[in-house]
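Can you read through this structure? Questions will come right after.
Chain lettering (A, B, C, D and E) follows the sequence in which the chains are written, and residue indices restart at 1 in each chain.
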Amino acid sequence: MDRFDTPTPELQTMPLGLYDVVQLALLGAGFALLAYFLYSLTSRNEVSARYRPSVFAGLCLAAVAMVAYALLYSDWDAGFTLHGDVYVPNEEARNTLGTRYIDWSVTVPLLTVELLAVCSVAGAKARNLRFTTMGAAFLMIVTGYLGSQVLSDGRDATALVVWGLISTVFFVYLYVALIGAVRASLPTMGEESAASLRNATIVLLSSFGVYPLVYAIPVFADVTPAWLTAMQVGYSAADVVAKVGFGILTHKVAKLRTAEDVVAGIDTHPEPIWSSNVHKSDGVLPEVGRVSPAVLAAVHRAPDRGAGTDPV
Amino acid sequence: MDRFDTPTPELQTMPLGLYDVVQLALLGAGFALLAYFLYSLTSRNEVSARYRPSVFAGLCLAAVAMVAYALLYSDWDAGFTLHGDVYVPNEEARNTLGTRYIDWSVTVPLLTVELLAVCSVAGAKARNLRFTTMGAAFLMIVTGYLGSQVLSDGRDATALVVWGLISTVFFVYLYVALIGAVRASLPTMGEESAASLRNATIVLLSSFGVYPLVYAIPVFADVTPAWLTAMQVGYSAADVVAKVGFGILTHKVAKLRTAEDVVAGIDTHPEPIWSSNVHKSDGVLPEVGRVSPAVLAAVHRAPDRGAGTDPV
Amino acid sequence: MDRFDTPTPELQTMPLGLYDVVQLALLGAGFALLAYFLYSLTSRNEVSARYRPSVFAGLCLAAVAMVAYALLYSDWDAGFTLHGDVYVPNEEARNTLGTRYIDWSVTVPLLTVELLAVCSVAGAKARNLRFTTMGAAFLMIVTGYLGSQVLSDGRDATALVVWGLISTVFFVYLYVALIGAVRASLPTMGEESAASLRNATIVLLSSFGVYPLVYAIPVFADVTPAWLTAMQVGYSAADVVAKVGFGILTHKVAKLRTAEDVVAGIDTHPEPIWSSNVHKSDGVLPEVGRVSPAVLAAVHRAPDRGAGTDPV
Amino acid sequence: MDRFDTPTPELQTMPLGLYDVVQLALLGAGFALLAYFLYSLTSRNEVSARYRPSVFAGLCLAAVAMVAYALLYSDWDAGFTLHGDVYVPNEEARNTLGTRYIDWSVTVPLLTVELLAVCSVAGAKARNLRFTTMGAAFLMIVTGYLGSQVLSDGRDATALVVWGLISTVFFVYLYVALIGAVRASLPTMGEESAASLRNATIVLLSSFGVYPLVYAIPVFADVTPAWLTAMQVGYSAADVVAKVGFGILTHKVAKLRTAEDVVAGIDTHPEPIWSSNVHKSDGVLPEVGRVSPAVLAAVHRAPDRGAGTDPV
Amino acid sequence: MDRFDTPTPELQTMPLGLYDVVQLALLGAGFALLAYFLYSLTSRNEVSARYRPSVFAGLCLAAVAMVAYALLYSDWDAGFTLHGDVYVPNEEARNTLGTRYIDWSVTVPLLTVELLAVCSVAGAKARNLRFTTMGAAFLMIVTGYLGSQVLSDGRDATALVVWGLISTVFFVYLYVALIGAVRASLPTMGEESAASLRNATIVLLSSFGVYPLVYAIPVFADVTPAWLTAMQVGYSAADVVAKVGFGILTHKVAKLRTAEDVVAGIDTHPEPIWSSNVHKSDGVLPEVGRVSPAVLAAVHRAPDRGAGTDPV
């Protein structure tokens, strides 16, 4: 096919305006991710231990994506040199799409953890679901990467289509599994948290839909500087929505469910919980306990249980 | 118009003195933002959970602005080369205004969050107001950016004026909405916190007024090295006032309101609150609670509610 | 032997595709380590003081490995220059295997600490075991390094074999000692934590097996670009499994054992513990104590015991 | 005047030994500031909320000064090239004095906050004093900067003298105001804290005296490489004394006064306080409170007070 | 003397193998310091306020040494260029010994603080001892630095010997003072903590002995590439032992003494203390206090005592 005789998508000679738009889209997404990373880092104790795995997933993926955008920004900056009125790509420009796939191979599995940890699936069922959705998310990215970047440098339309379809299989499984978990969880929580969980799911799954659309651009069109701009801006916007927008909604679900647990008396939380200036639950300290010297001594006396050669 | 045949504003050949003034203005603003970032990071627990979203907004925007100034400083340093007694701009100098807009597109929406979170608007009304003011702030920046940077590289006076006016519409909405929220909130709080909130609002909204003035410079004057210096110093000073000055006042409101809530008995806070060496409230621990085994067991027994395949 | 007349393994002229695969493997492993570092940093208080040395070991080794991968990525990026369709190595490429050994000489001893700290061995026995396994791990790496990197730049098959065998002696000791400690500990803990400890041990020891296989490549085959790619990808994947995968399982053991201790009444922990959304233990605060003025005064009165020239 | 025909003070061709002394002075001061920054960051909770603004000022200014020294070190390193046995300055060397003024314009006002926050001035009087001393400190630096760096590149002796005198006016106000505040505070505190406050004030104000002496060097002497070395080493040493030495003494005052407040029963502090291994006060937890549902409901029912569209 | 006609010690033309050994020794020491820095940062609350100055000293010195090794690694990397089979030094290689002295001038005084803070010397005696040992440590480094680096670039054997002897005087004082403090403290603590304190002292003082040995190398031998390698590896190993090894032992003393204080009833500590899986003390919360309104009002009413223009 003719359109695949052109250079790889990322190596376009860019006019000034489009070059600047991509650079600033990368910077803007990086700034948004930095802000969200700091938010999830500093607000993580507003959520009880039950839902905190969701916050951990959010902050880890925010950090990875933030570093990825720092690399993308720096590779875009160093990867093109101004000759007259156009920016000509060099060796460093070759990573400006590939780095995204590596980022996603870590962050998309973590997004499924972030969502599932505020659902009500528990125990072995939760572990299985987490394992299979993380696996599907990882394979979805890796197979998409093989089609678009590795095989013939993304210039072979057949590879793009075949690997795109394989990737889609994992994509479909992910949708079905996540929607199932969310649906089963909605009746177990309060109205406001259920509404936020529904919104979070919609935001995540609809922003996921942007990626295959951008992926398919080189199948249907010659990649021109304008198309590359569209790809970079589209990916950046989708990353912000799927990570920052989704993350803020998920955090809200976790906070509201913490308050529900405290009110229901099944959890303690040392701080009151407020949401949009409305009081949701009081702070509740755990009870004061007493370490049992007898049990402790038994632990230290039992050398064949592996403990206890140095009792106090 | 003649004055738009000159190069884009950021590509001036700068004499030594003016070049140094801009470089040091960028550095000074970056230092002030670094100090403020660390202050909001380390002091965030002086404020109760109710008003903490204000602190989170403040620290996230401080971090973004601080990184933006680090980039501006480094681009200004690398973007000019000394030839004899003048600094001649190169390719890296092209970002020294555009990076500001990207910074603002993230930080100005967060400034509205910072202010609203110490007001008394609550619940759905608060969420709507937050959403619309963040949107208006974002669009105010993006449209200003289109006029001044993207279209004809900011050299088309008509574009500057038209997009400037569109930007102004969002600007006006923002003023009206924020002033309304502050006015409604002032009677709900103590005298000292109300005074600080009033000051914070005045500082924010008046420093916002500097931006359109600087924006309008290229409409009324040829951008000379002196004007570029005025623009860069003006933006830097306005950023410090609107972020650091405003943030310190907002933090004070949040702290004083926390003390008022503790004194009124509607909130607990583990630390005493002092302001300017005056004692405002005692520390108050939350009550000790008890997790209810019956309710907990019910949660774990209810598999169709999504939980409970592994009861303890 | 002929195959050792070729250049050192790390100085291959790499075709585009293989070069990219290595670069992205390094980046992906670095991202995974960054995420895991942040996870162990922020989740460290979910574990009681008893098992926290395991978390400390995990987060310290994650940081070291993360920095090592940042160096590997940057050396790989700067260490090759694109000439036509191939990447030609330069001076900076010389560290892209050696840096790994330095990383391992710090991180592998810490991995044994991470495992032993969730076992039940205690007191002097624990200190001895920790000391000998850390020593064996360190010597295993150093002797492997001598054989593969220092002596004749890894091109002397005899050295590779001899030092490989010496390294194997430490390797065998490590296996025997760690398996012994784990076996003695399994009966002392609950079913779920024992299962996770078993899994963690299997993950660690089986991923350790990858390293000698990769080490042996230059003994049995000419190091071609494809083999170098296999080595770099193999090491990166093994590092992720042995550090991140193992670390998450170890953290789970530590969390579940904390809950067991709280339930048994031999420890306090200020937070409830939940695992996969299942409640494992309530939060328990320590008792309120009283400082004894008489004892304290005695301390301050006893100048020849070194204290007390300034009693209050 | 003849001596002002020589190049600006910072552009000296430096012999090897003097060049090295400056480089290592910059590095040593940077190391001391890094250590002090980490100390104030990690020890900040040893001080009660009353005096914590002092710690915040100290850690923010330490961070700014630390970054300033990192820039000075890097500009000094890149700003000179070895030609034979001498280091010849280039463009990057131009910032190696100016960066100091920008640092001081942020850090000197914060030093006054650090001192005043452990004094006993309170309320409106404290706010006024803080405002005027911060302003005087800022203007003292800015006017000194105008004289020594901006006007005629610091080669005009008249400007040096005139602006130096203006700067001195602010300097004198600062001394008078700070000494007044300290004097008024000494009788309100214990003997040991008063002694430390006196020492801290002496350290701060006497190290401040070094700056005008160094400033005056170019008025009285040709700036030779030896004089530049004296200036850089003098400024570095004064910065370490005025920031690190002063900060450690201030921290001690804040800690001792916290203990005094706890012993007097006017404050709670969750940790015992020890100073130089001597017990100063017990830890005291705040009382357990109870959120009043009636008051809370009133807040949420009062829509015209701005709160309460979503009562729980 | 002939051997001093050769170039300064740090400017050797290095063969491949020795160059790599130094580079990896610098990297390995840097990694160990990074791990130890994170350990002391995250474990600092395992120690009570009484002994925490020891932890603060340890983490501050670890950070300084870590940054120093990052500079050494980067200067070593950039300071030599590969010409054929040898690495030829350039301008950047000149710091690769000097940076060590600057590091030590900050870190060695902090090492004495780290040790003294777990001894039992208290009050004025402790302050004097800390002051004189910090001073002696600082002067020991500075005089050694003068002899080996500044005067004649370390090529004058007489200067080496004379300044080495002066440095030794401070060295001897340090030994005597520290051993005295440790000896006086051993009887005041439990058996296990005393054993660890003894070990820590031996580790510190014996590793200190390595430095004069390395320092003396250029007096007795021509500095060849092999000797430079021995110097760099010797210093790196001594730094790891004296900082990391010593620090871990000191931390153990601090932890065990905290447990002793809690058991004796003279201190509270919110967490149980375990060491090598053996339970040493329960967690003990401080008592709940009550702020006295009368005393507080008196403070606020006393304007001439400096407080109270704004009573609540």
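Here is the rule we use: a contact is a pair of C-beta atoms (placed from the backbone, for glycine too) under 8 Å apart; a residue touches a chain by one contact, two chains touch by 3 or more.
Since this is a predicted model, take the numbers as computed values, not measurements.
The minimal number of chain-to-chain contact steps leading from chain C to chain E is 1. Common neighbours of chain B and chain D under the contact rule above are A, C, E. Using the contact threshold fixed earlier, the set of chains in contact with both chain B and chain C is A, D, E. Annotation: A-C is the more contact-rich of the chain pairs A-C and C-D, by number of C-beta pairs in contact.
If you match contact pairs by residue number, over half of those in C-E turn up again in just one of B-D, B-C or A-D, and that pair is B-D. Annotation: 41 Å between the Cα-based centres of chain B and chain E.
Each chain gets a centre from the mean of its Cα atoms; for chain D and chain E, those two points are 25 Å apart.
With touch defined as above, residues shared between interfaces to two or more other chains in chain C number as follows: 120-124, 266-268, 270, 272, 276-279, 282, 285-288, 291, 296, 299-300, 307-310.
For chain C in complex with chain E, the touching residues are 41, 44, 48-50, 52, 56, 59-61, 63-64, 67-68, 71, 91, 94-95, 98-99, 101-103, 105-106, 110, 117, 120-124, 126-127, 130, 149-150, 153, 266-268, 270, 285-292, 295-296, 299-300, 302, 304-310. The touching residues of chain B, when paired with chain D in their complex, are 16-17, 20-21, 23-24, 27-28, 31-32, 34-36, 38-39, 42-43, 46, 81-82, 119-126, 181, 184-185, 187-188, 262, 264-268, 270-274, 276-279, 282-288.
Taken together, the chain C residues at the contact with chain D in this complex read 288, 291, 296, 299-300, 307-312. Contacts from chain A toward chain D in the complex involve residues 272, 276-280, 282, 285.
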